[in-house]
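Chain naming follows the written order as A, B, C and D, and within any one chain the residues start at number 1.
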Amino acid sequence: MIPRYSRPEMVAIWSPETKFRIWFEIEAHACDALAKAGVIPERAAQIIWEKAGSATFDVARIDEIERETRHDVIAFLTHLAEIVGPEARFVHQGMTSSDVLDTCLAVQLSRAADILLADLDALLAALKRRAFEHKDTITIGRSHGIHAEPTTFGLKLAQAHAEFERCKCRLEAARADIATCAISGAVGTFANIDPAIEAHVADAMGLTAEPISTQVIPRDRHAMFFATLGVIASSVERLAVEVRHLQRTEVLEAEEYFAPGQKGSSAMPHKRNPVLTENLTGLARMVRGYVTPALENVALWHERDISHSSVERMIGPDATITLDFALHRLTGVIDKLVVYPEAMEANLHRFRGLIHSQRVLLALTQAGVSREDAYRLVQRNAMKVWEQGKDFLDELLADDDVRAHLSEDEIRARFDLGYHTKHVDTIFTRVFGES
Amino acid sequence: MIPRYSRPEMVAIWSPETKFRIWFEIEAHACDALAKAGVIPERAAQIIWEKAGSATFDVARIDEIERETRHDVIAFLTHLAEIVGPEARFVHQGMTSSDVLDTCLAVQLSRAADILLADLDALLAALKRRAFEHKDTITIGRSHGIHAEPTTFGLKLAQAHAEFERCKCRLEAARADIATCAISGAVGTFANIDPAIEAHVADAMGLTAEPISTQVIPRDRHAMFFATLGVIASSVERLAVEVRHLQRTEVLEAEEYFAPGQKGSSAMPHKRNPVLTENLTGLARMVRGYVTPALENVALWHERDISHSSVERMIGPDATITLDFALHRLTGVIDKLVVYPEAMEANLHRFRGLIHSQRVLLALTQAGVSREDAYRLVQRNAMKVWEQGKDFLDELLADDDVRAHLSEDEIRARFDLGYHTKHVDTIFTRVFGES
Amino acid sequence: MIPRYSRPEMVAIWSPETKFRIWFEIEAHACDALAKAGVIPERAAQIIWEKAGSATFDVARIDEIERETRHDVIAFLTHLAEIVGPEARFVHQGMTSSDVLDTCLAVQLSRAADILLADLDALLAALKRRAFEHKDTITIGRSHGIHAEPTTFGLKLAQAHAEFERCKCRLEAARADIATCAISGAVGTFANIDPAIEAHVADAMGLTAEPISTQVIPRDRHAMFFATLGVIASSVERLAVEVRHLQRTEVLEAEEYFAPGQKGSSAMPHKRNPVLTENLTGLARMVRGYVTPALENVALWHERDISHSSVERMIGPDATITLDFALHRLTGVIDKLVVYPEAMEANLHRFRGLIHSQRVLLALTQAGVSREDAYRLVQRNAMKVWEQGKDFLDELLADDDVRAHLSEDEIRARFDLGYHTKHVDTIFTRVFGES
Amino acid sequence: MIPRYSRPEMVAIWSPETKFRIWFEIEAHACDALAKAGVIPERAAQIIWEKAGSATFDVARIDEIERETRHDVIAFLTHLAEIVGPEARFVHQGMTSSDVLDTCLAVQLSRAADILLADLDALLAALKRRAFEHKDTITIGRSHGIHAEPTTFGLKLAQAHAEFERCKCRLEAARADIATCAISGAVGTFANIDPAIEAHVADAMGLTAEPISTQVIPRDRHAMFFATLGVIASSVERLAVEVRHLQRTEVLEAEEYFAPGQKGSSAMPHKRNPVLTENLTGLARMVRGYVTPALENVALWHERDISHSSVERMIGPDATITLDFALHRLTGVIDKLVVYPEAMEANLHRFRGLIHSQRVLLALTQAGVSREDAYRLVQRNAMKVWEQGKDFLDELLADDDVRAHLSEDEIRARFDLGYHTKHVDTIFTRVFGES
């Protein structure tokens, strides 16, 4: 995580202050339940909230204690005792560090997921607005980077909308997967703490109780979470690469918004580079890079080892902060994207009608020509356009073998652009529920 | 994919014969719908089924044609024309290769997912059976590879059961994600083919219609699918590593079944090695290794490029075949696992009562000792057990500071194993719905 | 590995026949050394060569034996005994399976590396030939996909040449890293076999002796090897992506060779798609995907576990065969690449002189204008070209503030293309040692 | 990068202060060369050093300027102009941002590599010291986690020494790979800057001149660098896993040093967990996770895009800081590792002589028994030891079929431990050049 690619709200989730606040809440809620169960005095649970409920925990002091104990939860509990006084001895009864750490991580990842879901909503809104704006903006569809047939720029954005809606569903599932609470003791048997405590804390923290934990919440949950972030990042990259292509000099059908005062190059003042989407391409690589460590974290030894911890201390913040930043940046790119419909149309006509080749092919086969013959007829005229700069319509009209099967009007009818957009409303209705 | 790690049913999904059969079905169903829509003659659609409906496609012949055309779908259509005759010209009307290829891949991946789901069911059944068998088999729980507190072997297996149930849910979601059909033409606009054709084919092939395709079905779907396989593979590794640990010489609480005639080592006849679970560890690495290529496939250029194709030709079979083999092998390992309850009990007592340390700690705090003092009291006795081979109970009974707070009976009560298993039924009910 | 992306010579390295042949050679050379050391009878060593030296090992028979013994080396030795007779008991004396397996893998990987090195040589030759052919073919250099300043097409290829020369050096180092022989027994102590045997076999098989093995050759060697293949694959992707960009419709400065009879699209006969380089992009993803499993193979347990084995059975062939195919394909692409110098020139002039902006900027600063002022002067004229389609030279000549510092001749001199190519020879000499 | 896993010296390399200092040096050295070439006034070059040579650059101010210009190098040059005054206009003449950025990165990575090389030296020294200390400490060698044959603890450490020596060689090669300087202008043609400037700066900064750059130094160099770090991290994991295994309760042959005051568990005071090596396992996952993003960075578009930049801003610090911390931590673990030779010996004898099975097998074959018969004879006695707790020597002496071929003395001789260590000196000499 580096400030350049971070937004404060997500960063705050991962601050030591937030972490200690969540730890406190877990411990204090557990005390409430322990008091209710008669394990500790009710008054003790009250005092803990009274003394520390609105306290600011001293991060530096906790760090200092940890340097001696080399154990972060013990350091926190020691500091909590400094604030709470003798009743602190009732805190953490029958619990183990992982009960606190893993439940805290579940809270942090859930909150992070909530921000990411809001990011996706904002992106979806921008995509929808621009998609409807350009629903009928004709542009060339390309396969292999080669002109294929016409489509509309709105359809491109609608496709992205459908993709990010899927991403949102996946993230909701992933969020549910990691939002569990475990307060089950040293090896998950509840030997020293009743399952009722876990149920209470889960409820209080907005989580569900983990059905079976060992000492830890099983890491397949987190693996699925980070893998899902990797998929979303890949969808970010896809849309970013589309913009990068559209902005390249020879295409120039759309551009990232270029702020007044912005400088594209220290040397070449004319340069307006798609730096935001290039940056998104790189950030996607990073978020994807965190998937494998998360997958490797699953196979902990026996009831747990702590090898996952350093990984999560890093990728917890890094993956969520980076993806939050990327989604926000992408939303801005889409929101302010400068679109050039005239350039789209000019590019579309660059090859003098060649994009209508398939329609002519179909017309020929429907007129009774075998597929193979039709293919050859179309291809030989197409090649003249491609190689000699001829006009496709002119060539077809002048080709006796073609004309033997199709009249001039039948040929000309195949060059109508409206033919390609007749189902745009159908597709928009599929994607947006309206058109 | 190599035969050693393959099972025939899954391999068959990826054979050229299966592929061409699916291609044919897609084309023939599309013809039915085209005929119904009046685009092609009804009789043509019938003839296609009659002539090729039960034909075996000649893979070698198709390959031969492809060597000339360098295009697999065209090669197939050419061969189909050889079988069907003149009506073949009505096949593939308005469609593009990807309509066939991507819908076929959806069918293949769906079928592969069905096998994997059945594999998971078999694994879950084995885990459940062995979990109930060993519900009360006491064993030591370990964190960091170090003895922690008692648990039962059934709980270990119940944990795995819960994990693979999650895997099953994830796979069901991933299957739904890739089970879509696209028959939308060159850039997904349905310019040359009505959406009704897609709807018909989707229904006939057991898929849902892709809401918006470009030329291809968007690859975030496949990325999610393969990422999910990577998560499942990691869970396979987790359970495999558990068995490997249990079988190591010094632990030896369980062993893979060792068949009569099997040889563990060319040099050391006494060796019985956990080779199956070691193998599973390696296979998990492979299935995980396919995740990143699948993620990199998402960002295709514009409406599509074909860079994803070679990746999918390889990881489609490799990932599903390997995971199928791994799940089946793991099921066999669990099913036949030789469990040594006596060894589990012997290991449990290896450190002469030390595993009860936390209970003594809690007893002391409940008797009014501060947490820090209690910790020190327990640790000083624990260290004597650890370093000098003393018995923990004896030491505690002889420690005046301990005895100042706890009676002999109070101390002895903390050494009861039943204390640790009192919630096993609760947890089993959570996991299995019964106990 | 699939036939479509395989070449026979590399496939042959990984056949069972080749493997058993290498196993035999290792065992037979070891017998020679054992006989020389007096451990086994000299005559026994001779008989082994006589009986099996030119035998073809029966793969099906060995597989059959392995199904009973579940151990591949024992199965092979049993089959060898069927061929050799009673003297077979002297084979494998004091050795362990890994001595054979790991040394065999070293031979296979070395041979694979030799093919890959030859592939690189062929690629380098093609790059050199085409680089010199186009040493002076002016083309626009692009950063961010945006026109920057002129370069030559030969320089692009020279860059690739330098990159693949580095790849070759890295592969030579990686080959040296895995070309070691270990004949050191069950845990690498040479307890049952003298180091002299290892020295003899190493020499006979063209390897160096592993300084210290456990039971196995340490897997950091293999990790480095496969990581190196991943780097080379990434360089393949880089050049492939360059070609894909050059071939896209709007750029079209170069094209993959399009064979007569080849069909670009089942629907659109005009399509000529960069399918080879798109394919290379996908293959690069695969070779990169094998890196992480190889890295995960390093941390074997204690003196070894066998989790690496399944990984290597798969990535050994898959990575080398795929990269071999990719390098060969890339060589073909470069060799036959159709280059369009006229298109390069046309694209260069697309923005009416804007590519000379930096030169004008420098001229202004050299004429005493501050950098900031010069930047603003150049940018305001550049923007008129960009946005209003003006000619950059005309605008500059008409800008009084510019003319206050630069004469017409001074301005015109900045539009000379030769200025940009004056160091091409220098760079060629750096790369090729000649120009 | 997080403070918990960072060391100050490595962190300092990546501070903005260091970066701006290096940028300044590159620019100032370039001015020297430009002055010498007569491109700018000699006095200007002097003034730049005089005014800014010992200046502290104001990071906050540069950030402020960047917020307007959105270009970091321009922001720096603007700030430099504030310090230097009018002569600043001679700075950066004919250069492009990447000349500065990439050369700076080369300096940073070289310095980082130097620290890592020193880390490796320290680790190698610790390994050597402990290896010699335990050269003759007998311990059981294990394959598959199962007892195999005796080795010495010194050999285990010698193996690690050899592995990290290879790592050092690889890192030296990787360092050379990234230590290049490019001052070649907008597309690498030296159009606006003479190659002599690059040569001067390269020399002054301790780098070699990049033979051919585009706008950037090609990223295959960096890919190789980070891939190498991933291999080293995997070797770190291997040794860490060895320690984790040795420390597990049932093995307990060695332990991480446990500081007075350290607490192993918040709940279980007896716990002494291998937390450092578990942590190293996790850190290795992270460093490996950075490899793929670095590989994906290679295929930049045309002469460059900037997608690599965000990746490098993150993995540059993250990978080097994490690996530095890990190597340092591992050195500490090895240096202070508590070794228990008595436990090693006790474990060795756990299976009552079974580890000598291979020697008996060999003795039988040398006495004329066929390999298959010998194997069966040994295995049937081994199984009695394994399953019934018998003593291997007793059983063999009582087996008439064995005794038919071997006398009591011949059998007893096979149980000599010295037999296994006779080549330790040979191996030490191979590894350390001495024994």
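Quick note on the criterion: contacts are C-beta pairs under 8 Å (C-beta built on N, C-alpha and C of every residue); 3 or more make two chains touch, one makes a residue touch a chain.
Here the structure is a predicted model, which means the values were calculated and not measured.
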Among the remaining chains, which ones contact both chain A and chain B? C, D
Check: interface with higher C-beta contact count, A-C vs C-D, is C-D
Centroid of chain A to centroid of chain C, CA atoms only: how many Å? 32
Report the inter-centroid distance (CA atoms only) between chain C and chain D in whole Å. 24
Using the touch definition from the top, which residues of chain D touch two or more other chains? 77, 92, 142-145, 148-149, 185-186, 192, 244-245, 263-265, 267-268, 273, 275, 278, 281, 288, 292, 296, 301, 305-306, 358
Which of the residues in chain B end up touching chain D in this complex? 140, 142-149, 244-245, 247-251, 263-265, 267-275, 278, 292, 296, 347, 350-351, 354, 357-358, 361, 375, 378-379, 382-383, 385-386
Please name which positions on chain C make contact with chain B in the complex. 2, 4-5, 68-71, 73-74, 77, 92, 95-97, 185-186, 192, 244, 259, 261-268, 273, 275, 278-279, 281-283, 285-286, 288-290, 292-293, 296-297, 301, 305-311, 313-315, 317-318, 322
Touching residues (chain side chain D, partner chain C) in the complex: 77-78, 81, 86, 88-89, 92-94, 141-145, 148-151, 155, 158-159, 162-163, 166-167, 170, 173, 177, 185-192, 195, 211-215, 218, 220-221, 223-224, 227-228, 230-231, 233-235, 237-238, 240-242, 245, 281, 284, 288, 291-292, 295-296, 298-306, 358-359, 362, 365, 369-372, 419-424, 426-427, 430-431
